[in-house]
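Here come two complexes built around chain A, the first alongside chain B, the second alongside chain C.
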Partner chain A sequence: MIRLFTRYRILLPVVSLALLLGATFYMQPRAMSYFGLNLLFNLAVPIALATLAQMMIIMVNDIDLSLGAFVSLVACVTATWLNDAPLVGLLILLVLVLAYAAMGAVIHMLDLPAIVVTLGMSFVWGGIALFLLPSPGGVSPDWLRALMTIKPPFVPMAVAAAVLIAALTHLLIMRSGIGTVLRGVGGNARSVGRAGWPVVRLKALAYGLAGLFGVLAGMALVGLTTSADANIALRYTLLSVAGVILGGGEFTGGKISPVGAVIGALTLALAASFLSFLRLSPDWQVGAQGAILILVLTARLLFTRRDAQA
Partner chain B sequence: MNRSALLLGAVGLTMGLSGGLSGMAVADTSGKRIALSNNYAGNSWRQSMLQTFTEAGDKAVADGVVAAADAYTTSENQATEQAAQIQNMILQGYDAIILDAASPTALNGAVEEACNAGVTVVSFDGIVTAPCAWRIAVDFRGMGREQVDYLAQRLPDGGNLLEVRGLAGVFVDDELHAGITEGVAAHDQFKIAGAVHGDWAQDVAQKAVAGILPSLPDIAGVVTQGGDGYGTAQAFAAAGRDMPLIVLGNRKDELQWWADARDENGYETLSLSIAPGVATLAFWVAQQILDGKDVPKDLTVPFLKVTADTLDETLAATPDGSVANTVYTAEDADKVIAAAIAAPSENGAK
Partner chain C sequence: MKLLQKPWIWSWVAAVAAFGLTIALTQGRGASELGYAALSFGAFAAIVGLGQMLVITLGPGNIDLSIPASMTLAATLALKAMGAEPGSAWLGLLVALGVGLGTGLANFALIWALRLPPIIATLAASLVYQSIAIWSNRGLRIKPPEALADFATGRMAGVPNVAIVAVVLAALVWLVLERTIWGRWLLACGQNLRAARLAGVPVEAVRAATYVAVAVFASLAGYLLASFSGGAALNMGSEYLLMSIAVVVIGGTSIAGGMSNVPGVWGASLFMFLVVSMLNSYGAGAGVRMVLTGVIIIGIVIAASTRRARQ
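Let's turn to the complex of A and B:
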């Protein structure tokens, strides 16, 4: 059985989510419905998108500390410009994606540590967000609100969206040619370069993809909350890193899994709900959330060790 | 039961707890469950609020008024976390959620989900803008006006006023200042001779007031924002000037200073602020809504006023380093609702 877990890395996140979901259903049978599942997971959709954005950065051996601030900024743009003047709004969002791509190129060309550059950029994004929306407000565009509250038959929106996002990203990153090369940059950037690939452009592409998913995360968030706040998504920076790792990704070597990342995000969101259903005192909740994370990572480490011995 | 004290809204914690529910139609909500969603617990006001809510909620459950009154706090002051918390409460089947919100707007989606699921949402202190929710807001502007009104009543001849303001650039400071400005315009015997920022802290206020005092003429009264009255008094005492009429803000040290000055020379003033027990007011408003009562969406928190009559009582009930508190009762909620029905326009002032 251990061999099964080591061969299929995706199994551990899936089993963790299933266990947690089973426990949640046991605690709160009301969650076991179309309506309940949607309430449980709809706020996980923007987290899943943010996790995929973080995954694109981790894929090329970097880490993004500005993601939460970036998603907040996108949320502010969405609730103001995209609603009032859709064309200008789209243009701003496009510029933001390009800015992310440029950030990736600069980090590579000047050989800067991504952790420092993104930390610095987080203040830039935060500043622009405050400038756009000094006090909380703004309105979600109607079409976005309609999209995020859509009620598809049989499967609730949150679940359908998670499956769709995971499948598309899987095709893009794991199956397509360019996705393989991008993962190769994380694995061994030098050999990718020697093989004739322009590494700068690949890094810019990875960061650009991260920007794109960050934009989607911010838009999805506004669609759910109906309006924005310059600090709305600051938690996403750490949640997204945790989601990637929980989903079977690793900080180095381009070892990532888009399906795992989405499952990791869902698991994190579910863990918080589960703890609140447990009626655990809020003082303990943060710690307990961390404990779940450590538990899953320990399990993974055990499997990898066994694998190495075998 | 000292009913007049209750009406003043200035009862100590213990009195408020013994305040009965006599005459209330409460049977209809005995099966209902109410949850408190709180976004932050990192200061004494919030701690006091949570404690008051738990005590009042447990009492209401024991009395059979509601089936449950549970408090939940998010670990960090983050809107996304609180939105998830509210959605969890819907799943847990609560009939009403009372809410001190992390953001006036970012929770609207979750609040609408709750409304659509038939859950009553009452926001207080940190209110939300979702149209389907009830709002119990603080009328800071009215609090500023009230200070000047009180001074006008005590000092019919008028005189110079010193204004001690809060933290610059914060909404609360702007609103209180606007209220004080309106009050001074209404009572033209007063003139603001000087203004300093005390940042709602005794030490900052003392330094700031001491700095401006030498340049000021005789000061008849001081308007404050709470947390700064004791420091102001210290600055006046240190400068050897006549003690003006300082309106206080319900902090323990301010009330203690007032009691000492009263024992010494019969000093009398007014102290007013918002009680952390406002959570219990929200609780009763939610209970009334569940009871089928027609309640306007916008309500205003009454100020907790400490007068010469209630000073000793309040002082005894307030722990050191804390703020005067009160536990609101169902009758208080009735009065707040009645006031909102009588004067709906006044609530638009915020």
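Let's turn to the complex of A and C:
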């Protein structure tokens, strides 16, 4: 049993999510329906996309402290420009993705600490967002709203989207050649470089992918909330890091799992819903979320330690 | 020039430049007021920055994300314990420092016993601290005792009292780092943990002490900030998370660990306040102010790194 867990790292995130889901259904059997599931995982799609963005950065051994501000900025662009002048809006979003790629290249070329550069960029993104949308407002484009509230048969939109996103990223990062090289940059950038790969371009690609997923997260968020403000997603920075780690990722060595990251994000989203079913005093909801985080990570530790002993 | 090679000089140059540019606009009027405000507000950033600096010195991956939560919790519990009673300032200080000791030990317990990465451990723990603060605060706004409020907003010989506290603390940290075996151990751990352990440094004790120190510093900052601003608020610490990391890095402390820089933290704390007031006085809006702050942070980091590369 334990050997099973150590061999398949993905099992632990799956089991944690299943346990939490089981507990939620036990507390509130009515959640066990199409509509209930949709409510439970409603906000999970943007969190999952943001977690994947963070995962791209953690994959190359860096960490992104600007992600929350970036997603907020994208949300502001989506709710203003993308709605009023779709072409200009798309252009802005494209520039933002390229800016992320450039950030990755600069960090690598000048050998800067990513944690500090992204910290500085979080001010830049936040400032631009505040400039675009000084007070909460804006309108979600209709097509985006329709896309996020679509009702597919059998499975709710949030679950279907999560599965689709996880499958696509899994193919890209775990199965494709370029994904393997990207993970190799996290494992040992120097040997990837010696093998003839342009590490600068790879790092830019990883950051560009992060920017792309960040853009998708911001758009998904606006599709759900229908309006935006400059601080709408600031908590995504820490949430996304937690999601990657919950999903079995590690801070170094390119050890990440896209499927795990999506499951980690779903777990975080579900934890919030679960706690509200628990009729816990609102005072303790945040704290209980922290406790769940600690619990899951402790469980993981039990298995990894056995692994080390074996 | 020897002076120009000191890693802390750049944050001071930047602070002086920001001060000069602001004063140039007003043709010298309000210089002392600006300096006074910079010292007062810089003091809080310097106190949390000193703590964060010690943790970052421990080496890659070491960071404390629970600083805002510790500040809020310490301030809330201290104000509650004092209950605005006169003469209870010392009791409040004890409570605040006790909270710091508790959160620091809890953080380290998670890192050490559960082998969690410090980023995740302190993040998860901060959620719990936040909850305790919300639960014990319940929206009450208790005023600090009058004598304490007077102290926190007062001045001695023209210098704000909080700045004096922060300077004394900085001197203390410098002394510990440069002149005691404990400080040498800390730097050794940051340079190479494995080598330090093999050399007989009590690595875990050093790490424990460091995580306790950062929490105690954060608690003290929270206690002073609450006394300074007339009460604790649940979001009072939020801006100090990024601030604490920014002042450490701008101050010239190596993010890779093993090299700390006390004077730089003070210079960077003054700079972070002065740059905002400079942009303010030039009429920049909130958005432009943030963008420029970010650009300046990145600029300083790039300047510092290219200088390092040339040496």
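Note that in this section the second predicted complex is superposed on the first by the 310 of 310 C-alpha atoms of A that agree within 3 Å, B and C clash if a C-alpha of one lies under 4 Å from a C-alpha of the other, contacts with A are read in each partner's own complex, and residues count from 1 in each chain.
The definition used in the following text is that contacts are C-beta pairs under 8 Å (C-beta built on N, C-alpha and C of every residue); 3 or more make two chains touch, one makes a residue touch a chain.
All figures in this text were calculated on a predicted structure; none of them were measured in a lab.
Visitor: Just to be sure I read the superposition right, which of the two partners does A:L224 touch: chain B = first, chain C = second, or both, or neither?
Guide: So A:L224 only meets chain B here.
Visitor: Using the superposition on chain A described above, determine whether A:L130 touches chain B (first), chain C (second), both, or neither.
Guide: Second partner only.
Visitor: Taking the superposition on A as described, I'd like to know which of chain B and chain C A:G138 touches: first, second, both or neither.
Guide: Once the two structures are laid over each other on A, A:G138 reaches chain B alone.
Visitor: In the overlay, work out which of chain B or chain C sits against more residues of chain A.
Guide: Touching more residues of chain A than the other partner does is C.
Visitor: Please work out whether A:A146 is in contact with chain B alone, chain C alone, both, or neither, and reply first, second, both or neither.
Guide: Touch partners of A:A146: none, neither chain B nor chain C.
Visitor: Quick check on the superposed pair: does A:Q285 touch chain B, chain C, both, or neither? Answer first, second, both or neither.
Guide: both
Visitor: Based on the superposed arrangement, let me know which partner A:L39 touches: chain B (first), chain C (second), both, or neither?
Guide: First partner only.
Visitor: Per the contact definition in the header, classify A:I232: touching chain B only (first), chain C only (second), both, or neither.
Guide: Only chain B; A:I232 stays clear of chain C.
Visitor: Answer with first, second, both or neither: which of chain B and chain C does A:Q28 touch in the superposed model?
Guide: Touch status of A:Q28: first partner only.
Visitor: Just to be sure I follow: which residues of chain A are touched by chain B in one complex and then by chain C in the other one?
Guide: 285-286
Visitor: Contact residues on chain A for chain B in the complex?
Guide: 28, 30-31, 35-36, 39-40, 42-43, 135-138, 221, 223-229, 231-236, 269, 272-273, 276-277, 279, 282, 285-286
Visitor: Which stretch or stretches of chain B touch chain A in the complex?
Guide: Spelled out, the residues of chain B in touch with chain A are 41, 70, 72-76, 78-81, 83-85, 87-88, 90-93, 103-110, 112-113, 117, 129-130, 171.
Visitor: Note which residues of chain A are touching chain C in the complex, please.
Guide: Of all residues in chain A, those touching chain C are 63, 65, 110-113, 115-117, 119-132, 134, 238, 241-242, 245, 251, 281, 283-291, 293-294, 297-298, 301, 305.
Visitor: Okay, in this complex, where on chain C does chain A touch?
Guide: 61, 63, 65, 110, 114-117, 119-121, 123-132, 134-135, 138, 242, 245-246, 249, 255-256, 285-295, 297-298, 301-302, 305-306, 309
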